[in-house]
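Two complexes are shown next, each including chain A; its partner changes from chain B in the first to chain C in the second.
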Partner chain A sequence: MSNATLERPRPRGRGAPASAEAPPRRRRSGWWLLLAPILAFDVVLFLTPLGKLVGASFADNAYQRVLEDPLVMRALVNTLTISLASTIVTVVLGYIIAMVLWRAGNVTRVILFAVVLLPFWTGILVKNFAWAVLLQDNGIVNAFLQGIGLTGAPVPLLHNRFAVIVGMVHCLLPYAVFPIFSSLTSIDDRLGLAARSLGAREGSVFRTITLPLSMPGISAAGLLVFIISTGFFITPVVMGGPGDMMIANQIDYYARQLTDFSGAAALAVILTVMVSILVAVYQRVLKAGGQHENN
Partner chain B sequence: MTASVISAGPIPGTGRAAQGAIELRQVSKHYGDVVAVDELDLTVQPGEFVTLLGPSGSGKTTTMMMVAGFEEHTAGAILIDGKPVDTLPPRDRNLGVVFQNYALFPHMSALENVEFALRMRKVPRAERRQRAEEALDRVGLGKMGGRKPRQLSGGQQQRVALARALVFNPAALLLDEPMAALDKRLREQMQEEIKTLQKGLGISVLFVTHDQDEAMAMSDRIVVMRDGKIVQSGPPEEVYNHPMTDWVASFLGDTNLIPGTIVERNGEEAVVDLGGLGMAKVRDRGASGENYAVSIRPEHLKFRTRATAGNGCAATLVSSTNLGATVRHRLTAGGHDLQLRELSSDSAARIRPDEELWVGWDADKAQLLVLES
Partner chain C sequence: MKTTNPQHRMLALLSIPAFLFLVIPTAIVVPVALNDSRYITFPPEGISFAAVAGFFADRAWTSALTASLQSAAIAVVIGVLLGATAAIGLHGRKFPGQPAVVGLILAPMIVPTVVLALAFYQFFISIGMVGSIVPIGLAHAVIATPYVYLTTRASLAGLNPALVRSAQSLGAGPLSVLRHVYLPIILPGLISGALFAFSVSIDETVMSLFMQSPGATTLPVKMFTDIQFNLTPKIAVSSALLVSVATIGLLLQVLFVLKRRSSTRMLPLAVSAQT
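So, the complex of A and B:
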């Protein structure tokens, strides 16, 4: 057997020659035709309805009406706090899973990937009702807690904010794991070796090398998860209590119970604008942080 | 670019004399059934520059990784300054490591990279800043401390890596093909700078490379490795001039290998029957095996007149190639293809195609070795 494979693979040298020059691009006049299908699709099915929605939201004093509704204000605050909490929990758990995936051997990695992807392939109703079964008063979690004598009576685990966050985190986890995992795998293994040879303990290697270099993955995961969180609709209904309704539930209420379409449209616009502002601020802050780091 | 910008000096801060003896006793590394390193015995004396030279897969990098503590050896013992370090994690071995491609921390400035080891050792902020700046000064990068690695050239990155590995006064320096990513001219410059720095600090170095020129230029001792074993070790000139096997002779530069049978051995010299090339008197360093050959470096083969005494034979010129400083002649003699290299300045109008050629060599420049392949 050749043992040429025993030496560590080496990354390509800095001086590696650049690939041969790209062939000159041929310009054709009809290139925009290639974009036509997706443009038509977007205009007909996305931009037009969105325009109509924005238009409808300005009818009948809709903004004033919904903003004076105390339930709407409550739902807005709920949306922000629940989304923020879910995002933090998801990113922390996602980071741990990504670390395990990163360090796992090939077989373990494949199995873990499948486990992480499972929520992706499962309908949200199935996931939420499954959690409801687990968390109910005579469910397996309460049975366990009573079995080990930690509690005498069932602990209320369902129909509250805790349950909503549990359900959301389960759905959101893959969106956090993958960006973080990909930023971890882009870290050169040698950096960790170098840090160890320079006297770093495992904890210091994580704090000074791994964590800072995986920040791009963490911030991407946080953004993605937060945006998705703000639109959750089924989980608050299935797993939350009356006080845990989010903005999507209010939109549903205005559209179906009150048949107040302009009110529902106004709520949708408010949610979109609010999230857009938060995303812009978030990216501005990240950019400033990144520049600070580069100087 | 200017000549050496690294000024060697005493280690700042401690004034501690660097010891840095590294000893490997019967060290092996097995990956399942595959033997990567096979019962290796190796000693690096304090202040010695030892190069592990071999092709990829020879186990040289694995050996270095075991010394650094990144790989566990499966048998044997590793000692640093006489103390076994087999169970010590890399952070407690006190060895400076420079990796191929340097492994600088991309999110830290050059100064922060150099400071890192001192930070891990809880050196107070002001002192560690001062020592890191001194270390950067020593490699000629005093003004570059604020730059990120990607804002530095390859040579500058390598100097930062050196400063980072030296700032905490390690017992020894381990260098893993540190110049593989540099172009030829910069590589030669860095070879000199590293050598100067090493001599100035008196620090022991274990150097890993597959480049025989680099090994020749820098080492006090070359350890040639093949398939996890040491095949020959000694000062560069000795390994080059007196290879023990045909593999070593070919790995370290060009050579003419002429198979032959031993007629007589008397310790220092041997008489070998080279078939079509006649009888030859050659150097004998006690190589023993089944088949033998004689190695004559192309630069040791000379054009002679037939009247000259000593080893020699008639030859026919096949081609001559001017390589700039030298001219390479290809010849056939007694059924063998031979290469002869001489300085271009000596070569002018010497050979006429119809002339009957005679080539010869000095007995002490021809080496008896074992034919392995």
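So, the complex of A and C:
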């Protein structure tokens, strides 16, 4: 989504049904009525609020103001480092899970799919609450670490960056598993069979066939996970410390603590532009991956 | 292909921590809620329904539950109506500007929720619509609709547009085509989309947080506010409720998938990723 569509939402919304009224060949004008409700809804309740947000961001020199705020710069750096770390861990874990799903029999696969989807269906607060229970000072993880003698006193596992990354990876894993799984299933099984029949070991089959051919899935998963990571708001508050606030928290801080709307709006536009660029890259990667599969 | 060579066993072994990491947090929620202790601990010290009773006796929590159900109802009704009509309207049709229309329908999925939260907060204040659950439900409907659109579109994928034309040439009016051609085919997609919409709304926190008011505080918002001070048994009960809802939703989805015998149908996000 470009800035232009955000700034002037109405002409586009009105323009779309108008151009839609020139149907190809046959005239079945009644069908366009089916699109009217969603277009009207999205123009009024999606494009208009976003357009107002973009408009507000240009007031009071907001961009310059927020970009000169050291707290904002820190939140931006936090967002990038936390998102990058979460993405790497998520993609590695996601790859292992996707491999298992790929190799599993049909019934096992459905069960394991359900296991992967459960965190996706569970709300973020529930997941973070559960992690807080597990990672607290008298929680089971600390009890385990003390039990095996790794540590004498409870290790602070909560309210730090480690906890934020753990909480985020748990939310993000399903998003990594699916793209990797689909690129794995598109690999021709006969390639592996051929390699093995020529004496290749499993390790080299993985290195020379499976891994390279699943690269489109890995890059798609990595980008998707990174895109979602940059917008996290709840997890840094519930599981992080004061030094782990991300850009979304800074937007909240500007809007609800400082009641600085234009500042909050400027930050929101910066985040949206960042995400939009990544989404565009992501779609190119998906397209490239699709062409690869068709070869 | 089934092989039981050592490498695959190693992969299975390697994956156990990954699967435990996924499952354990969700699995402990219900036991924690039924713990017989004033403190939040796992493993539980005994089974008790005291916390559950405490939750349902607390006006603040029960009204949060009501608010959540109300916003979900708004999101599901609007999401199903708009998502389904859009999917049918776009099925088998090509026209200039169609990519823009599809892009607009799916766009709410990619805008970060905190950005939407801020935009809605500002927007609903500017039109004087604050202090009730309605703006929250409308906001949830905005992000839930694309899911219904996608699931409905997926179930329409197998429908040959020629079938619609032949029904029309046999004299079926628009309403009867909707009822007898489209409805039976989209029903699984509609139900699955309604489940998605419900789940999106019932778990949504950031927009509800920005637009909260004394009369319109949803369950996740109440949890978010309380969790910053302490882990309390009532948060645990609320979590257990939401996990139960999620599990039921997921089981229903799995049943649908098993009926359709295709594990790729279980890739709701792969669907969204392809667009």
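Going forward, the second predicted complex is superposed on the first by the 236 of 295 C-alpha atoms of A that agree within 3 Å, B and C clash if a C-alpha of one lies under 4 Å from a C-alpha of the other, contacts with A are read in each partner's own complex, and residues count from 1 in each chain.
By definition in this document, a contact is a pair of C-beta atoms (placed from the backbone, for glycine too) under 8 Å apart; a residue touches a chain by one contact, two chains touch by 3 or more.
Worth saying up front: this structure is predicted, and the values here are computed from it rather than measured.
Participant: Which holds for A:F233: it touches chain B only (first), chain C only (second), both, or neither?
Facilitator: Only chain C is touched by A:F233; chain B is not.
Participant: Output check: A:Y175 vs chain B and chain C. Expected answer is one of first, second, both, neither. What do you get?
Facilitator: After superposition on chain A, A:Y175 lies in contact with chain C alone.
Participant: Quick one: is A:D188 in contact with chain B, with chain C, with both, or with neither? Answer first, second, both or neither.
Facilitator: A:D188 contacts chain B only, not chain C.
Participant: With the two structures laid over each other on chain A, which partner does A:L118 touch: chain B (first), chain C (second), both, or neither?
Facilitator: A:L118 contacts chain C only, not chain B.
Participant: So, A:A85: does it touch chain B (first), chain C (second), both, or neither?
Facilitator: neither
Participant: Classify the contacts of A:A200 with the two partner chains as first (chain B alone), second (chain C alone), both, or neither.
Facilitator: First partner only.
Participant: Quick check for you: in the superposed arrangement, does A:V155 touch first (chain B), second (chain C), both or neither?
Facilitator: After superposition on chain A, A:V155 lies in contact with neither partner.
Participant: May I ask you to name which of chain B and chain C touches more residues of chain A?
Facilitator: When the residues of chain A touched by each partner are counted, C comes out ahead.
Participant: Which positions of chain A sit in both the chain B and the chain C interface?
Facilitator: The answer is residues 1, 13, 15 of chain A.
Participant: Quick check: in the complex, which residue numbers of chain A touch chain B?
Facilitator: On the chain A side, the touching residues are 1-8, 10-11, 13-15, 188, 190-191, 193-201, 204, 208-209, 212-213, 293-294.
Participant: Where on chain C does chain A make contact in their complex?
Facilitator: Residue positions touching the partner: 1-2, 5, 7-8, 11-12, 14-15, 18-19, 21-26, 28-29, 32, 40-43, 78, 81-83, 85-86, 88-90, 93-98, 100-101, 103-105, 107-108, 110-116, 118-123, 126, 138-139, 141-142, 145, 149, 174, 199, 202-206, 210, 220, 223-224, 227-228, 231, 235-236, 239, 242-243, 246-247, 249-251, 253-254, 257-258, 263-264, 266-267, 269-270, 273-274.
Participant: Mind pulling up the chain A residues that touch chain C in the complex?
Facilitator: Listed in rising order, the residues of chain A that touch chain C are 1, 12-13, 15-16, 19-20, 22-24, 30-35, 37-39, 41-42, 45-50, 52-53, 56, 93, 96-97, 99-100, 103, 105-106, 109-110, 112-134, 136, 138-140, 169-170, 173-175, 178-179, 181-182, 185, 189, 202-203, 206, 220, 224, 227, 230-231, 233-234, 237-238, 248, 251-252, 255-256, 261, 264-265, 268, 271-272, 275-276, 279, 286.
Participant: Okay, in this complex, where on chain B does chain A touch?
Facilitator: So the residues of chain B touching chain A come out as 31, 34-36, 56-57, 59-62, 65, 68-70, 89-91, 93, 95-97, 99-101, 103-107, 116-117, 119-121, 148, 154, 164-165, 168, 177, 180-183, 227-228.
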